[in-house]
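Each of the next two complexes has chain A plus one other chain: chain B in the first, chain C in the second.
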Partner chain A sequence: MASTPTVADIGSDYNRRYGFHDPEEYFMRTPKGLSHEVVEAISLLKKEPEWMRVFRHKALDIFLAKPMPTWGDTERLSSIDFDDITYYVRATEKQEKSWEDVPENVKRTFDRLGIPEAERKFLAGVSAQYESEVVYHSVKEELTKQGVIFLDMDSGLREHEEIVRRYFGTVIPSADNKFAALNSAVWSGGSFIYVPKNTEVAIPLQAYFRINAERMGQFERTLIIADEGAKVHYIEGCTAPVYSSSSLHSAVVELIAMKGARIRYTTIQNWSNNIFNLVTKRAVANEDAVVEWVDGNIGSGLTMKYPAVILKGERAHGEVLSIAFAGPGQHQDAGAKMIHLAPHTTSKITSKSISKGTGRSSYRGLVKIRNGAHGCKTSVQCDALLIGDAARTDTYPTMEIDEDQVSVEHEARVSKIGDEQLFYLRSRGLKDDQARLMIVNGFIEPFVKELPMEYAVELNRLIELEMEGSVG
Partner chain B sequence: MASRPAVAAPELALDHVAALSRAAGEDAALLAIRERARALLTPLTLPDRARHLWRYTSPATFLPDGDPSAAAPGDVGPAWRLDESLSAAALLGGGGLRVIEIGADARAAGVVIEDLHRAGVADLLGRVVPAGHGFLEAINTAAWRGGVLVRVPAGVTLEHPIRLRLVAGALSLPRVLVLAGEGSSFEVIEGHVGGGAAARVIGVTEVVAEANANVRYGLVQRWEAGVIGHLTARARVAAGAHAQLSLASFGGAEFKADVGAVLAGEGAAVETFGVAMGGDAQRFDHHTEHIHEAPRTTSNLDFKVALTGAARSAYTGMIRIAPGAAGSEAYQENRNLLLSGHARAESIPELEILTDDVRCSHGATVSPIDPEQLFYLASRGLAPMQAARVIVYGFLDQTLGRLPQTTRERIQALVAARLHTE
Partner chain C sequence: MNENARPVFSCNGVHVRIGEKEVVKGVDLAVLPGEVHAIMGPNGSGKSTLANSLMGHPAYALTGTVELGGEDVTALPPDEKARRGMFLAFQYPVAVPGVTVASFLRAAVSAVRGADVPVREFRKELLARMEDLEMDPGFAGRYLNDGFSGGEKKRVEILQLLMLKPRFALLDETDSGLDIDALKVVAKGINAAASNDTGMLLVTHYQRLLNYVHPHVVHVFMDGRIVRSGGPELALELEERGYDWLEPAAVGGV
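Right after this comes the complex of A and B.
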């Protein structure tokens, strides 16, 4: 994949490749601002069942009643103007059946994103979300034969209402936090995946997300259910055009791993620097289940994202592996939560962050062990790399341990690129910037090696781009 | 993301501040400091519990029942028989100070131990812990009664420690100010004892270490059961100075401590070592802070907690490295040993690093006794109970081993005594 010219070029011309935006062509968009009328309009337009309409309205009431968070980057959070956001935009009238039917301007977007034609054929269902609705969606025939459901969330609700109704909002209720309530009220798009018992999805399922309209919120809603003994890897990658005013991205992702199931959820998040990325991601892991979040945060102005695993069944395992890159002016407030409810559950959090220029990265995490959950083991490791004397890093881990027969470990390290390291690499003939890049690449290597190859290549390119001009 | 709004607090009466100040023989400057602190408390706003500092303990717990400025002086503090070599000893109880002893050497060197009310050092009070530090510090600043000034002149080295004993009454608001002159070197131990069911303590200690001073400050809390108390002990450490803060928590029903240092001058160094042993239904909430403000400052923190019964401990620690503090190093370690199924420990070791030229790390663990260690000791013929004691002692001793000898021996004895009563 690395040799594909389109992929190889990713990151080499950020503004042109990612900063473009097509003229807006919309069949339907709601007026700016949030109200019960807007929620009603969204629900009506989607021809949703009554329970979902009620669910949205209740969620809006919760959103309006809840105060803004008083922790985190409150200064930036308070600059969000909820009345200046378009909550629903639909790009095309109907769900496209095949690639040929996808409108030209949308195709152009994907081309410029650098998704090679060939890659689409290799990969399983490429569910590309353009604006708020999924415009292109193809599921490989084998998946359908296996009984795997892979749809956008709206179609999922239409075609598999009984499953959706049973699980929707059970992991993250609307009242969980202000932004989960917002998403519950105005959600649109996202993925719906159901993997039947003892079914293994051999190839990763992927979706590309993209925000296009200025000041338009994107509120995708993803629900993944892996039934007993099932196995699935879902990959989500995001890019967005560079715009002058702020956009809000507030997704809700719910994962349910039944007994013995295994879910891995990989994200490379690369929003442009004016975007607020306020995401709630949570999984429930039942007996012997494994849930892994692999989470990369490169872009956005402010990210607040703390993927969580509720370890509900005995011997369940949760893992979060994340990297954050905070360039000048960015704040990556990311972390992880592990809630151990059952005995012999295990979890591991590995968080790596790089702060450059005036960038700030924060690790904010929670490990909670309930009384009676004996034999749990959990370890948290945070590494921060600082580049430049104005860079900032914070570590805010929280450990709440209500049981004695457990082992809990937390470690954090903060460092800069060492002069000895640079000296050594220079003595081997590397230039300063090459040496720095090599050190940074080495720092994030444990994360990169968990990615599928095309993502690893893309990430390395992005890091290379971010590192440009960091010498001196 | 739900936020908990600041709790609406009951009114706090502080009607007798002027009378208190007059009765204690204070000057006008000291009264002015009290009045400013009182102004901060009207109206009384309790801190937001969304912040980590008050996440595990309700601020209202420590509010006095009545008007703290009206508390009448209680009985004279109990007798205290000295059985060790000391440079100086002072007893603070019943709202008053009794200087027990100032050794001849210390006296000759110009060491001062005196009543803080009358010491005329208003200009030095509140420099390390201003009234705005928190609502409890403001209450103490407005209504403290019974205070001691310890002043060790520049260049003086004391061979023996200075021991302060603070005896808790029904409501105690003690205040301690330690001034370490340039290049001075000494050890001061502040021991808290006494109290009883529902006794309240709100104490504030300030330590000022001038350039190149070497101060070993120990805070040993062994109140009687039932005491509800909050102690703040903060140091300001100038260039080239070294401060060692040790903390040992044993007693009381509910104890919250705020211990820390500002590394204000280039090359300042701070070490904080602490142990806490909780049993029954005791609740401990310790907060430590190391604030690096100057270049090439170093700090090290090691805090150990062992809990039995249904005891609960919360630890929050902050290391902050300010933008100008290049070349600084900071290490922080918190380990918790849970010896019963009902014990509970919380740990939040936080870092805020605002410059890149630093070396910084922290670690925290919560675990039960390692069964392999128990097995090993059992194989050497130790009964499980004995083995557990040995392990807990060893666990705490790693930290205690780094304390100056007198403080270490004192705390080791207390740890041993506690282990044998569990």
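Right after this comes the complex of A and C.
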């Protein structure tokens, strides 16, 4: 029985809460534009092993050789000026271990994002990314005792080179797509997690990411390995300040769930309108493993994101539960991919999108069942909610089923906030905007109830902000 | 009921158009606090249109005046009317998936009372009213009208009536689609509201609800007009003789 907060008092401070930015105090940043010199500088500064340096340079060649995608919102994609982006910025020189050691300006940012509070509530390991380098990273002793590794990717590479070398880029090769190649060339930060056999991480591991420098790309790289029978839940949430010129965010996230392992990866992203959010997320699920992507996309100018699960071992299960909110001028091109390679694998995709004003949301999905993968089950459900006459939604579902002994369900629904629904709620005293918000909150409820409480609260607030001024 | 009381609700010269078509052709009513009026009429006579347009449904163009507690509310939007103490129980309540009965009602009660109701207090009150209506407490956690049976929807409408405690309520065919047990429960809720001084206008097609709710005034509504008003005996007469003898031509126009 959650209370319904009033619209007026929340979000009035949007600019203060989310639009602020600290003076840019950076110890090191690369010059604008992309070249082998820039890649070399990044690798050198990070004192990386030779194989990673080579990996980066090869990836850059792939990036330069690959054409831009010819599908999706090609018009918006073509407006990215790769020469006008700073590919590496470091906020502070060294990594901080405790909250007290974190620089004041970074702290201010985190304070306003509620990070210390998050830590208090969750008592979990917090890994927060400020610009391209992780500056604050605390891992609970308990995790260390369990043998769980939870580091930023750079430290992961330094301290656990063997594991990283074995798995890095195996789920998403540099040549997978142009933006995966870009990330492979200039990646910095992100999380590295290894959970040993039969170990359950009881608390969600979380990381906050934040872009703070204008025209700066953020290219974090995350690798999570859950060994046989292990369980882990990782959460990332983002907010970005409001800026006038474009910023590019292009992450690569690789998950590996060994036999009987379970990984849930929860994302809530609230990018400002000028951000390009072009992310490649993919998991491999081995025998009896379960991988769940819980993915909430709010804001950004253009998001292209299709979390995938490769169901490699028998009885593996993959799930994507996503919501997208496309406000005026925004395009959310999101979806999911399920690749059934083994028999008796199951998958479920639930995609919910809201388009408001001139916002546009697209569901783009692929379900592939290989010949011989008998006894597979898959279900896809896409629900779109339109607010206003200019809002747009499209569905591009692709099914490639090369096996007869399978069960495939697909359902797509488009609804509008109807006059009868509004009249009903208004006849109970709810103002027009309150009534609309209630309908939208109800629409995303199946997603919200999968989130930890504080993220659910945050998401509801963000939706409320997005819904402001939607009357008429 | 006080004979000297002022009407809690009145309307004068109400006409309603849907597009070009005039559906309600001049209605005058005055309802005192705690008074129950029944509007009875054949299907298609415009009863539901009258109820919906009085509440301010945007699809209907209403002319004339509507007063609540002596204040002119004709031009006010439905939420403003609700906050001033007007209520409409819907014939076909709308589903709002993902929003629980409890959270919806808490928002509505807060809106109508003009202040947030503390969770604990609200919960206590809600459970008590649900018990009055013989509803399972688990109902509070179900999504509003989503997959509800016809009878469940009507009960939830009456639950809202009891929680919102309006000064005046329109009940649009609240008795339709109910079995006898549900009808009794709904009637109990309506009587409880009336004893709380809520003035009410029951729109109904059948007499059977009136076996359990005793109206003070019965109006016969045909072709967009009230063609006759009288006491409870008029409802019984309709039950026996049907509506034909009251055709506008038969009663000389009114």
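Simple rule for what comes next: the second predicted complex is superposed on the first by the 453 of 472 C-alpha atoms of A that agree within 3 Å, B and C clash if a C-alpha of one lies under 4 Å from a C-alpha of the other, contacts with A are read in each partner's own complex, and residues count from 1 in each chain.
Here is the rule we use: a residue touches a chain if its C-beta (ideal position, glycine included) is under 8 Å from a C-beta of that chain, and two chains touch if they have at least 3 such contacts.
It should be emphasised that the depicted structure is a prediction, and the values quoted were computed from it without experimental measurement.
In the superposition on chain A, A:Lys32 contacts neither chain B nor chain C. In the overlay built on the shared chain, the residue A:Met399 is in contact with chain B alone; chain C does not reach it. With both structures placed on the common chain, the touch criterion links A:His160 to neither chain B nor chain C.
Look at A:His410: by the touch rule set out above, it reaches chain B but stays clear of chain C.
When the shared chain is aligned, chain C comes close enough to touch A:Pro446, but chain B does not. Of the two partners chain B and chain C, more chain A residues are in touch with B.
In the superposition on chain A, A:Leu430 contacts chain C only, with no contact to chain B.
Of the two partner chains, chain B is the only one that A:Leu386 touches; chain C does not reach it. Note: no residue of chain A belongs to the chain B contact set and to the chain C contact set alike, using the contact criterion stated above. Contact residues of chain B toward chain A in the complex are 1-3, 5, 48, 50-52, 323, 326, 336, 338-368. Residues 66-71, 176-179, 355, 371, 384, 386-416 of chain A are the ones that touch chain B when the two sit in their complex.
Those residues of chain C that touch chain A in the complex are listed here as 55-59, 77-79, 81-83, 87-88, 90, 93-94, 96-100, 102-104, 106-108, 110-112, 116, 119, 122-123, 140, 143-144, 160, 164.
For chain A in complex with chain C, the residues that touch the partner chain are 1-4, 418-421, 423-432, 434-435, 438-439, 441-446.
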